[in-house]
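These are the structures, in structure tokens.
One chain, chain A, links the two complexes that follow: it is found with chain B in the first and with chain C in the second.
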Partner chain A sequence: MNEVEERSASLHRGEQKVGGATSALSNLFNSIVPLLGLAVAVAAIMLALVALTRNDMEAYPVPLLAAICVVLELQFVDTYRQHSRWDFGLLIVSALAFLLLLALRAMPEYLTGLQLNAVIHRSIFSSIFLLVAALPTLVFSTYYLLDATPAAEDISKYPLILLPVLLIVALYFILLWKMATQGLQAINWSVFITPFKDVSFPVKYYILGDWPAWKTEQIQSIGMGNHILGTGLLILLTSVISMPIGVGTGIFLSEYGEGRLANVIRFITSSLRAISMLIVALAAFSLANAFNNTPLEGMFRGVNFSGWLWYSSTGGSYVSASLALSIVIIPVIVRVTEEGCRSLPQDLREGSLALGVSEETTLRRIVFPWALPNILTGWLLGCAEAAGSVAVLLFVAGRGMYGVGLDKQVTSLAYLIFDIYYGEPTFKGYMQFYQFQAGVLLLIITLLLGILAILSKDWLGKKFRGG
Partner chain B sequence: MAYHSDNSNHPSNGTRSKGPGGLEIHGLSVSYGSNQVIKEVDLSFHPGKITALIGPSGCGKTTLLRSINRMNELIRGCRTNGQILLDGENIFQMDSMVLRRRVGMVFQKPNPFPMSIRDNILYGIEAGKQKVNKDEVVKDSLQKAAIWEEVHHRLGENAFRLSVGQQQRICLARCLAISPEIVLMDEPAASLDPTSAAKVEESILSMKGEYTSVIVTHNMQQARRVSDYTVFIYLGNVVEYGETEQLFSDPQRPETKEYIAGRFG
Partner chain C sequence: MLNPTKNWTLVRRILLVIACIPLLMFLMVVANLLWNSRLALSFGLPVLFSDKISTALSAKWIPGQFGLLPAIVGTIQVVILSLLFSLPFSLVLALAASEYSLGWLSRPIELLMSIFNGIPDILYALMSVFVVTAFIRPKFAAIDLDDSLIRTLPGLPPYSSTMLPLNQSTLLGAIFLALLIIPFMAPLILDSIRNVPQSQREASISLGATRWFTLQRIILPGAMPGIIGAISLGVLKAAGDVIICAWTIGFIKDNGLPNPLWDFFERNAPLTATGTGLVGGLFGATPVMGPGFSAANFAALLLLVFAFAVLGLAGLMRRWLNRRYKA
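Entry: the complex of A and B
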């Protein structure tokens, strides 16, 4: 508003040309200083990013900070010349840049102390200082490059939002890259298919003319096949248990959600989410042992069949692990379902009832399809969480050496990564080469589920909410 | 609200109407909480004719309309007293689903479902009809709503893609597809552009004889154009009720005179 008034005031004073095309040359001339500012700011940002990873760029930050200072003051003068306005923000940022420059010069090369047990190199600070000085310069330069209109004010602030986001994305990719290069140096594909087995079991054998004797045989195979299948089964079982309960509760809460019962249910489901994962792990463990000495023992504690002998595992089966994991996943499903159902516009509901259609048909044909995008997204995110959870499986999981099935010992890819680090030395000796492979695979699985969740929301939204 | 399952056994054959219904209101009072909105209203609607409800905003026209198909029951704290007779039957003793198949409603803001146009029209009709009937029903309703020409080649398209005026006509067609006896319309042309509003009026006029229509409108010219009878409602009371031309040219009550002259609204 201020600018508009000033511009019209200056127009009245006869200081600006009205209409008439300004020549290309004068446009160029007017853009010199902003372009300079832009160049300096971009250079500073790039230097900042590079300096994060290297220690030998020491000569450049100080001159660049000085350049930022200078260019901002140039812009200050130029703004007065072009727009008849003193923009003190420029001076402030310029002063800031100067102060940072002084601070950088005063800093020793290595900072020690602060009880940190580490040595911090000055380049971290030069990166930070450069970024702090360069971002406002970027904004100002873009603003003046675009002729200081109110629209330009909006556009010039986009870097403030984009750059931090890009920075985080870049860091994420650096992390991925390091993991991938480390884990995929010599990728062993067969490891994904073979299960891990290191078991000995008794076998009867016969010697001609003598009584049958027993010897132990050992099977050994290195791999993570069962862990991968185990992750799949865990996801499947958790979905089967938590989706009906979660969706049903969510629909109930959204349709009849005003009474005392509904409030109690809401309270319970949101508290479930706040329970520490280790307590859920204990719950899993106690569930696994709840049926000891009953016929159901195998189903919950996990059985290991070996030939025709039955060993009970010391952990828990997929059933008990999934039941425990559902405690964590159900609140998510309930919340997204309720949100999805509530987002239905009231007039659609009324329109359906006004046609003489029963409530249950309205639920089935209008409310539920409308909530489907939310439900599916919630489900996919729940799957990703189930795939990645280790804490819940801490006390019940094992190595799945006897196979993958409802009543077999539970194991998962996430647990494998944990196991490799904390397992006993022989196991570590076999499997540590594949640790990063497992990590990358798990990362890919969860990333894919996450991306699917985002895409499905869009696609299903178009399909079920009118595209 | 009581739980209903979908086993109404009221027959519906295409859009061949069951014939216009007779509607009578005796001593109806509606209040929201402690606020009485409709006070002891007695009205009798002529079968097959179009009756307009006019009056200033907030005087109970929409509430009166919504009482006729018991949509007020969806609002918490709404109490209704009195009798409404549909062909002599008390609607409060009927199954509300059955009632709503005999009394259709078109809302002020178009509310098509996010399905194809065809599915929208067929939504209210019971499942299990033969295919031939379904196409007939769709064509019939769309023609009655004066939108067949525009959409007959794209019945599979999602109804949300249509313009607001087209959507409202789809809603009208959807309402007619269940062949109700009475059609209630709450300012159906209020949010539409003049062309669509004209088309909606055209289809309302074509409904004369086959349906008993009650239309709430703010637009007095529209009431004059479209309706046979007009009811002027003010502060929850029926102030005047008569033939449209009579009421507009020679209103009996002073309030009616003032309202028609535009002195308040």
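Entry: the complex of A and C
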């Protein structure tokens, strides 16, 4: 009887089918314990995450830790049954889970001590303990579910990598979502165009006896119109100041960047990115006050209107704030421009020079267009940074009550949010309701600029450089 | 490199002049700090490094006390804590985008990180209220216990009405500094992981090593110099941030060093926030160029020295690791 006939005969008797069914059954039987472990571990991780924000889940961690303990011991026996080896890692994790269980049982609901300034709830420890016990269980169960091959060892590590990623990205999204809903739940559109004013202005002049007199009136309007305009002016002015310097420095460092001076400049621009914002804030304050008692005082300190005369404000103007902000933004543009110029193939430069084109024209027609997508990206990133920077304005900014202009006191949307939190109580009372609304607007501006930066780097890069 | 020779064309000279402007700006910033902190330096270093600091906002204001020691302790605390929170996550994000990417996960993670990196620190500070209500209050502030019950708990410091300052603590500050520096550090770590030569990876896999083993023994040691660089920049970003610290920790800690020294449930304001508080200009008040301003400049000078120390140390470590890795 040849092979084909034999197979068809066995198929006819139904042996193959029955055999397949038994092997599937035995597969299922073999994977019962790992599946159980997987289920317990997933439940423990979910409970740990829920218990991070709730105090009323205290009944569940101890049974789950006990279940992890039992499942790991079962897995220990099952491993010997299937693979004929003792995996003592399972026993160690099981013992660890048992110890954690005991510690959790012994713990009072509220922990104090060590003169710590807090009353700590037990659930924070139960979450941590559950995670510590459940993550190895997850890894072991996946490993033995996939028949303990080397490939299974790789796949079983995926939860360790992907779970934290999922968690942290979810945390960002939850926070942003909560801020967006908080800001948009009672949005008031007229606030966006009304400037904030809480100031007494003269409304009527008249002569009282021999002297001029005036009747003042407290003018109040609640809004963030000038803050939004101020953000725009700040972005504009900062880019006007920092773009030429940043792009020029970037091209210099890339095209002529050899020698000691260039290395010093490179080091300084890269370390300017790492210095504290407090340093820049103090620089802004000093810059605003550097021209006191000179004709430039108004331009650098900003002017306010007191009802009958313009006088220097206590802070600084848009000019001084933008000059200080460009300390932060120039390094960003320099880095991005240098990157862009360096990615230009050397052949193109040499080809251009060999054809008799001057250095200047080569820079203008070959190097600069090549780096243009990067420069645009750097510009957009710098704009986003200028829009979101508060620390630089901390000592110079005001509330934009006297308008927006080069020599007016600086203000911005980002500063408004901080001002609402730490400002004087009356201002807080007026504007507190719109704090999250301003936050959402700032978020939209910065996200828009950030997404445009990504797009310009990807799409324009492809278009300009031919893919 | 357009022209490596020393041929000083006009455009080269113009570019050199432009390139000197950032250098000049840096020198002016440093000179400004030194000049403004001369008054603080005249108090003497024992005054500046004591733990006695008084703030114009507190009830008992004793002029002439500008001890920055609590602020230094606060900076160290908040930096270590935020690094503890952020390093595992940024490492894992970088690994998920490169080694364990499942093919399609790499690009979304990169995009998300660059978008989150663009969110300004003021918005992270604004979001802190949600973490306070959802996490800090139920877990650390005993919010659903009444005062008499809290008073009976053993081991607490002398009772105060707000045991944990409900909306401000170093822990909260560290959480949000971590959220600030995770998207900053992850792309840097990702770059350094991608720069490990592909041939080493392939050699390890072809010798029968698993991917996990390759990660442990080949990729992480190879990427370690880059990871050190990323950590140093992240530390400087966390130590230099003003807004999140001022919002979630507070301005000046005027009751001495924290007790115990690592108590991160207190408001241990770091150097940046302390400097900000010393200048004043908050609560609608006018910034004053007095001794407080000078002490703030000295705090900024300390931060500058710290920044260069960290950068230098990271550079040394990177060089050492590179040499060891190549040998």
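The working rule: the second predicted complex is superposed on the first by the 319 of 467 C-alpha atoms of A that agree within 3 Å, B and C clash if a C-alpha of one lies under 4 Å from a C-alpha of the other, contacts with A are read in each partner's own complex, and residues count from 1 in each chain.
Following the convention adopted for this analysis, a contact is a pair of C-beta atoms (placed from the backbone, for glycine too) under 8 Å apart; a residue touches a chain by one contact, two chains touch by 3 or more.
Computed from a predicted structure; not experimentally measured.
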Quick check for you: in the superposed arrangement, does A:Gly356 touch first (chain B), second (chain C), both or neither?
first
Applying the touch criterion given at the start, work out whether A:Asp210 contacts chain B, chain C, both or neither, answering first, second, both or neither.
neither
Applying the document's definition of touch, where does A:Asp347 land relative to chain B and chain C: first, second, both, or neither?
first
Chain A residues touched - chain C or chain B, whichever exceeds
C
What is the contact status of A:Glu153 with respect to chain B (first) and chain C (second): first, second, both, or neither?
second
Touch check for A:Gly248: first (chain B), second (chain C), both, or neither?
second
Under the stated touch criterion, which partner chain does A:Ser389 make contact with: chain B (first), chain C (second), both, or neither?
second
Which of the two partners, first being chain B and second being chain C, lies in contact with A:Tyr421: first, second, both, or neither?
second
In the superposed arrangement, what residues of chain A touch both chain B and chain C?
353, 358-360
Listed in rising order, the residues of chain C that touch chain A in the complex are 1-4, 9-12, 14-16, 18-23, 25-26, 28-29, 32-33, 36, 88-89, 92-93, 95-96, 100, 102, 105, 109, 111-112, 114-123, 125-127, 130-131, 134-135, 138-142, 144-145, 150, 153-157, 163-164, 169, 179, 182, 208, 210-212, 233, 236-237, 239-243, 246-247, 259-260, 263, 265-266, 271-272, 275-276, 279, 281-284, 286-287, 289, 296-297, 299-300, 303-304, 307-308, 311
What residues on chain B touch chain A, complex-wise?
1, 3-6, 8, 69, 71, 74, 97-102, 104-105, 107, 109, 111-114, 123-124, 158-161, 171, 174-175, 178
Residue ranges of chain A in contact with chain C within the complex
52-55, 110, 112-121, 123-124, 150, 153-154, 157-158, 160-162, 164-165, 168-169, 171-172, 174-176, 178-179, 244-245, 248-249, 251-258, 261-262, 264-265, 268-269, 271-283, 285-286, 289, 314-315, 326-327, 330-331, 334, 346, 349, 353, 358-360, 362-363, 367, 381, 384-385, 387-391, 394-395, 414, 417-418, 421-424, 427, 435-436, 439, 442-443, 446-447, 449-451, 453-454
Sites on chain A touched by chain B in the complex:
345, 347-348, 350-361, 365-366, 369-370, 464-467
